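Provided herewith is a single structure, encoded as structure tokens, for subsequent inquiry.
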């Protein structure tokens, strides 16, 4: 992930190129819309209208964004340490068990503001532990983290299903889910913030977890760029040999980075459970872990970028739901396609347009493109 | 005798279940031996399955379906090549992208074209690959031991099953006895050596990916046109990842790949067989445990408790000319 | 009149803003050995890569045998009878010799015939040129000299009439190099043309008929070898008189600061790379380790600095022993006053993607000076980096610039500044001036001597014999993982060369 390229101004590097990549992804998505016989421009209008047109839509957009901020940060933290955590999905799913245990145990005795911190710890701890095993296997046994975290996703599904149809299910119920949480485990909504601006909201699950997500984004920034641990993670991420030279323990840094990543993925579980459904049910993660990959890549692994990308994906999810409703030929799976296209163009093809943009900048003003001594010559 | 019949039945379904794994595993072998990691086997199988079933039901021909499955799967392989060979993008990221695009587009197009909730119409018999009954299979069925083995295990599979198993020696032959194979193995180990020998690294890797696409296309066609009478959404259900694990388990060798896939197929067959059946001593095994078992085993295998698997040296690294 | 095998006319090539070749004209006469000398980065390799079709020239013309030639790919070059032996061998390590030889030159789609053909062809080449090698051996099991021979065979098998060798002796012992030269002379006698790229003037004088000198991307002169001298070539290469020797006073060696005891190191394949070596470095002296690359120097450095686990052995730092077999880690050794400038600054000594100031704390990032609790003290780090930039004249003087954007010499200064400014008791340096421009070489050498004069113990490992001889107060020669001799700085090149080649050291002393 560290191919040296000639410099571009930072705003082009972090602003222009992602926007162009995103634009291309949407153009291709537009062709898919054409393929199913709908008008892509109308589809885009419906999507944006659905996401931001009314207070209700905005609240839902931010609710989804909350989820994606967590998983995006999770993927990004691991990626800074050159670990591809494809297992945020499973880590979040298992973390739901942590939430369930805390909530089921204390929701009748504690108020939400005491229970919420406990639930955060529960979710983060379980998520971190689920990431620990692949991390340990990578660090000690050299098994490829991509494959093991992927396998752990499948294992997580089985474990959670087993528990939801077994011990966690109330005896008198058929549905594979926990009982409904009591008031103590129901998080306060933030819809009133949007209503301050004059919008009306009937009911939307936008809740206080959003603030936790923003706090985590800030903490991740501090961690990566302002702490010794973050410095060590980045060193290892760019060059394991340099990390060894600098006395950084490979085992320790892999395990710590993956546990932080798992903890962040785990916190995602709070949002749909305590914030919305008030239970832990099957499929409450529903692909958010994978969306995190797209969000992290789109946001160029930077927390600010991740928050923006998460809001974008929140918009797609909310707007996509409206779209599926308005245009029967388009299902919500359109979002999965867009997600894939964003990963393709913002991730795998992130440098496709760079040479052209560089040439463009070079022709406008050669000095902005610092070409001096590009790549240690001859050495 | 009942036990024997049960064993034959489990082995028979082992063969059926390992075929898509084997095809996908060999597909991965071509690309990874050429130095291109491919986590997108899953997605390519899925589009293959969809394209195959869709074309077969529209054109009423199994072979046209198969052709379309291969065509679309190869197209996706070329997208992977475009990103990871031409533009030197991250191969894992590209593979993940392909899996998403495949998952989303198969359902959406399926729904838009056929309006059956993401399914393709059920295939009639001429639109599927039927079983090939070998000469005398029915006659010898009654013969103890050998009869069931011949008539159940060897005879009575679709043509794609035989294709899959013939692909094993064929792949070995291609890899170790042909010019293409020599170059393919070389480019996965040291692309600079291939480049300086006057061979295009990019074109060679693209050809390897085309082989991958052909095989994942056949794997997909098998799923939707043999194992199932039509496409169902997400019908690959992680088989692409299992195939990848099998490839590592097989240390990137064709014959080993066959045994690895048979093993995983066997586990799958066993879990289906044992569902709900109480075992002596252990009791009833939860169905989720049996479902998770292949993944757990894979993790254990990957953890290197079965010796070290050394991947092709240039794997995962885009080729850049050195100055 | 002698016929030109190759003519290059007005060749230009730029990489971004770097002009690697400017308006190069060169004529290579058929049936001769033509040397091309120049410093690292002078553009020699780029020029040859253009000739071999690996790069395209931006402008200019190539003529082969008098005919204008269009060489767009290595294939075109091969078809024109041009073969190349690269500095880093272009071999597939887990293939056999035969498989490597036929790769890209297979006669048909199946391998059987190609292999049979190559086998008989190799026998012929072996007879004609004395190029012996087992065709069924696996490359990674062959010694370096034989691997190089396979490269030559590859070129000859493809019918090369013109053979380009890029820095062929860098990895060879003097004896292997001599053998190579005999082969090259034999090729010349058979009418082949040889182009030898090197920065070692001795080799030029020993074997070439004609020599061309490159400097900063331009071709500055072409001479008949027998009519020129080493001094003239050196001056042409550098553009001014070089100080071959650094000015330095007598060493005033004090007590032992670093003692390496019974060090044995194996590589990842289990091959013993360092075999039970012991030596001391005292305060106020520079000890130089001479040796051909690949004789265990790298592994020794890695073990002493804690990067690589040793099979046995320890270091005494200032009289306190540290076991190198257990959990010795680079951080602990650093805390005990051992600073290390690694051989590979691109992947080990620096993180090229980091800003300069971030690299200026690499390895010292847990020093309280740079921290506030668990947080980095960004202001302190940047101030510190700016200090070092001034003190070591690192250019450009921008501590926020990405390290990849500094030149090789300035990158090396970043590492040196970091390690020297920690005021360590012991400094170990691998290849202090590899890939460094001339100006920086002098600067680095002076700094190392200044360290010595401050009473530090300095250990220098270098494959450049000249560097070892001009810096060291004592010279240890390493061969096949052992120290085979110790000499003073007055030792002659020939004497050291014999030791480096593994000739019994009693014999060499006579």
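Labels A, B and C are assigned to the chains in the order they are written; within every chain, residues are numbered from 1.
The definition used in the following text is that a contact is a pair of C-beta atoms (placed from the backbone, for glycine too) under 8 Å apart; a residue touches a chain by one contact, two chains touch by 3 or more.
Quantities reported herein were computed from a predicted structural model and do not represent experimental measurements.
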* **Longest centre-to-centre distance from subunit B, chain (CA-based)** => C
* Determine which of the two chain pairs, A-C or B-C, is joined by the larger number of C-beta pairs in contact. => A-C
* CA centre of subunit A versus CA centre of subunit B: separation in Å? -> 30
* If you average the CA atoms of subunit A and of subunit C, how many Å lie between those two points? -> 46
* Rounded Å distance, subunit B centre to subunit C centre (Cα mean) -> 46
* Asked: Counting only residues that touch at least 2 other chains, which ones in subunit C make the list?
  -> 15, 45
* Residues of subunit B whose C-beta touches two or more other chains -> 323
* Asked: Going by the touch rule set out above, which residues of subunit A reach two or more other chains?
  -> 375, 377-378
* Residues on subunit A engaged by subunit C in the complex (per definition of touch) -> 2, 4, 6-7, 222, 226-229, 231-232, 234-235, 238-239, 241-242, 244-247, 249, 370-379
* Structure fact -> The subunit B residues in contact with subunit C across the complex are 177-183, 185-186, 189-190, 192-200, 313, 321-323
* **Parts of subunit C lying in touch with subunit A, wherever the complex brings them together** => 15-18, 40-41, 45, 305-307, 329-332, 334, 340, 342, 344, 346-354, 358, 361-363, 365-366, 371, 374-376, 378, 396, 402, 404-408, 411, 434-436
* Structure fact -> Note: in the complex, subunit C contacts subunit B through residues 15, 45-46, 52-55, 73-75, 77-78, 84, 86, 88, 90-95, 99-100, 102-106, 108-112, 114, 154
* Structure fact -> As the complex stands, subunit A meets subunit B at residues 1, 3, 32, 35-37, 84, 86, 133, 137, 141-144, 146-148, 150-152, 154-155, 158-159, 161-162, 166, 290, 293-294, 297, 329-331, 333-341, 343-344, 347-352, 375, 377-378
